[in-house]
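Right after this note come the structures.
Shared chain: chain A. Partners: chain B in the first complex, chain C in the second.
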Partner chain A sequence: MDLESLTRTSGEWLKATGPDSDIVMSSRIRLARNLAQFPFPSRADDSVRAEVDELLKTQLAKHPAGRKLNYIVVSGLELLDRQMLVERQLISREHSESHGQRGVGISDEENVSIMVNEEDHLRIQVLRSGFALDDCWQEINAIDDAIEADRTYAFSDRLGYLTACPTNCGTGIRVSVLMHLPGLVHTKEITKVFQALQKINLAVRGLYGEGSQAMGDFYQISNQVTLGKSEEQLIRTIKDVVPNIVSYERRVRQELVSKNRRGLHDQVSRAYGILKTARTISSEETMDLLSSVRLGINLGLIDDMEIPLINELFVHTQPAHLQKIRHEKLETVDRNVARADYIRQRLNERR
Partner chain B sequence: MKCGRCSKPAVLHITELRQGEVQAIHLCEGCAKDYLSHSQASKGDGNPLLENETEEASLEELDQKTCPNCGIAFKEFRSQGRLGCPHDYVVFEEEILPLLENIHGDTTHLGKVPVRSPQASQLQFQLIKLRNELRLCIEEERYEDAARVRDSIREMEEMEHQTAPPTQADDTP
Partner chain C sequence: MDLESLTRTSGEWLKATGPDSDIVMSSRIRLARNLAQFPFPSRADDSVRAEVDELLKTQLAKHPAGRKLNYIVVSGLELLDRQMLVERQLISREHSESHGQRGVGISDEENVSIMVNEEDHLRIQVLRSGFALDDCWQEINAIDDAIEADRTYAFSDRLGYLTACPTNCGTGIRVSVLMHLPGLVHTKEITKVFQALQKINLAVRGLYGEGSQAMGDFYQISNQVTLGKSEEQLIRTIKDVVPNIVSYERRVRQELVSKNRRGLHDQVSRAYGILKTARTISSEETMDLLSSVRLGINLGLIDDMEIPLINELFVHTQPAHLQKIRHEKLETVDRNVARADYIRQRLNERR
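After this line comes the complex of A and B, so read on.
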């Protein structure tokens, strides 16, 4: 996999091909796994980390469940390249900032990514466009089975899969959906959603996971409990609640349109106009405006733009992507100019 | 789980009863100290956990408890929020089970089970122990010992490979 070429493409999960992808941007499942005969990465010295990395790299080269994976040695990458992988959701911030030999196996479509030597020896992740958790589970389960056929995982009869942090022990599963909820944010109904989710032990986070802020009206909803419930039960909890949020968001959007169509049309059109003409723009403003445009397209108020391009811009306008596109290191002020240039070029090339 | 006051990993999980309402608080080591000293000062009658000398002594003793395989002390786990190896779940079982109950509301796994049985775990734990020994040998420049330990690791890895259970396909009648 050529990292340079990544700036010209985007992951399959951004193509808006999945069910309900107007509101559910993507579905994701990850599994935390450890090899039984090694200490967890944080306790492993450099030579043990290297041994684990070599072992798992060889393992992933065997195409688990028929999946061809490109192995990238993360510890050999420049900071900017590592940040780009974080922006694409292929590795975590922790993996990028960690030390010692480590890597990631990535499928061509960027639907599968398997981190080696993150907090656990293995962090397997499967991503899909739209609301497609069953597909994610089927695929990740098959990959997990294939690796486990050759490698002995740390597992206890009572506590399940053993992980470096007790918060992941048991199934080691994190099921999440990334939802675009501008309607609920606009009407402030979103707090009701948060409260309801908290009651059933689901976590709400921003676009880039733990500790990140909600940007562009994107929210990630995921399970917190991993022990005492089966994978199917944990998936079911999310699967049951998401359609309610989807229809709530749709209802609120329709109300917004029927109450004040002209005002809303004006708002999304202005957002579109700024993006197409601005000469300097911050990341935050970009996310806000893209969110409005995304809403406008989904409501039929903007008809000369497509969702996949807008989805792609959410990722490609992030700091590391911009600097890779420009082939130079840029400070914030210059980045804001480069961002505006890039957005203008991408939005105007469609006409 | 992250600390409720900052972004460090939470190591102390407190369930408080306030005016009949149950409140769960998750704190990192720094914030926990702060929290405990404050609640001690405000209550006046002091925090029983810190006041009781025998309790304090047993806490210190607990902090020194160490995994024979990976060498991590309980204190290190408390401050980092990360365990050192799978065997820690056995060594610190008494302390970890209440923690798991607190986080997950359960302490028994339900769901997927690997095809390879965990029966071989004694061998796995031994391997972690040997790797820890190897690390110490190299650190202390005892290279002859290191070579011996390395040979033992190779031997055990071969054994592990031979004792690996058959695949699921062979298992089903």
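After this line comes the complex of A and C, so read on.
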């Protein structure tokens, strides 16, 4: 897999296809797995880590469940390349910043990524555009089974799958959907959503996972509990709640339009205008403005722009992508200029 | 003169020609004169006002100093038409809101306007684009002489020309230049300019004269004293001080560019972007954004737009012009939408 080519493409989760993709950007399931005969990565020395990496690299080369995976040696990448994989949600920030031999197997469409030697030996992730958790589950289940057919996972009859961190123990599953909720943010109704989700033990995070800020009105909703319930039950909880949030967001959007169409039209149109003309722009402002434009397109208030390009810009304007696109390391000030240049170019070429 | 046609043209002071017109929008001289045999308008009853109006209307029809003047019966105009003349600086707000028979003679190019029955019987005004007070003086002097050849002005050997308000007594002259000073406003150096001007008895006002706010970084600088000095001396004071302000503004602009070209480029470019995309916009914001765009064009930071159109928009986006252009009366909210529509249309048709 040519990392340079990533700067010219979008990952699966940016395709803007799939059910409810105006609001649900992507669905994701990941499984945490460990090999029974090796210590967890945090307890393994360099030679054990290397052994695990080699073993699993070979394993992934067998196309689990018919999936061709490109294996990238993350420990051999430069910082910028690792950051780019983080920005594309193909590896975690922890996996990028960790040490020792480690890697990731990525499918061509970037809808499967399997980290080796992250917190656990294996972090299997399947992504889909839109609201499509069943598809994610079907595929990840097949991949997981295919690997388990050859390898013995660390498993306890009492606790289930054993993981480095107790919070993942049991099913080892994290089910999450990435939602774009500008209407609920704008009307401040989003706090009600948070409260409701907390009550049923669901976590809300920003675009880049734990600890990240909710930029661009994006929120990841995921399960916190992994123990004591089946995978199907955990998926069911998310599957049940997401349609409610989707219709809440849709209702709020329609209220915004009917109460103040002019004001909303003005806001999204100005956001588009600023993106097309700014000469320097921060990542945060970019996310906010792209969020407005995305809302504007979905409401039919902006008609000369398509969602996939906007989705792509959310990722391509991130620091590492920008620097890869420009083929140079850039400090914040220069990145802000490069970002504005890139956005102007991309938005104006479509006109 | 067809008032409707004014919505499709610019006045003399918007041409953006003439010396230093990047900073000096226009030069203006006006003379206050009264006919000796009639009481001042404020002391005249309706029949006397009517008599003065008829007399001077006939007088102006004689093409003073070869100047063809279109006589408009201001007292016969609807409010919107009167406001439009105010917005074009052809009549004063007071003349628009006054009562009784009154009018204004306007040259085709809108560089001469002579109000009849304003505060004084005659308020003769000559306008030029750019810094051109000598031209103004030459022309207004000739017009004044031509009228005085037929009519006896109220004049005292001790006090000079007599006027309704003592502050105009003596020469009856007001010399003013309209300056665009975004650099001095941006750096807050403008207060130093104000202080220096006050010390030499010069007044600073906003775009629409006494009591008006300094919108769009426009300032009118004019003499306060009219008595005890000759017209030439009063003109000389302004003529001497304006080049200093012009070079101060130029210096500050260059400093802004050299210190933070990117930031300035970003600011003017975004202003342009917002004007091209906003769906509702107030008059104040319009003036501020147009001011930034005007600065950007003059500094070569915006290269696909010309100053005359920007100058024109300063006037055409004023409330009365907008309503005349749309052929309907509009409340503030609807005017803001109409203004945004008009600006988008005008700016995008040039692309």
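Here is the rule we use: the second predicted complex is superposed on the first by the 351 of 351 C-alpha atoms of A that agree within 3 Å, B and C clash if a C-alpha of one lies under 4 Å from a C-alpha of the other, contacts with A are read in each partner's own complex, and residues count from 1 in each chain.
Criterion: a residue touches a chain if its C-beta (ideal position, glycine included) is under 8 Å from a C-beta of that chain, and two chains touch if they have at least 3 such contacts.
Only a predicted model underlies this, so the values are computations on that prediction, with no experimental measurement involved.
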| item | value |
| --- | --- |
| First, second, both or neither for A:Arg262, with chain B first and chain C second | second |
| Touched partner set for A:Gly160, first chain B, second chain C, both or neither | first |
| Which of chain B and chain C A:Ser42 touches, first, second, both or neither | first |
| When both partners are placed on the shared chain, which of chain B and chain C touches more of chain A | B |
| Chain B versus chain C as contact partner of A:Ala340, first or second or both or neither | second |
| Contacts of A:Arg279 with chain B and chain C, given as first, second, both or neither | second |
| Residues on chain C engaged by chain A in the complex (per definition of touch) | 262-263, 265-266, 269-270, 272-274, 276-281, 337, 340 |
| Touch list for chain A against partner chain B, complex | 34, 36-40, 42-43, 45, 47-48, 119, 141, 144-145, 148-149, 152-162, 164-167, 169-171, 173, 210-211, 224-233 |
| Residues on chain B engaged by chain A in the complex (per definition of touch) | 1-2, 7, 9, 69-70, 72, 80-86, 89, 96, 99-100, 103-116, 118, 120-121, 123-124, 127-128, 131-132, 135, 138, 157, 160, 164, 167 |
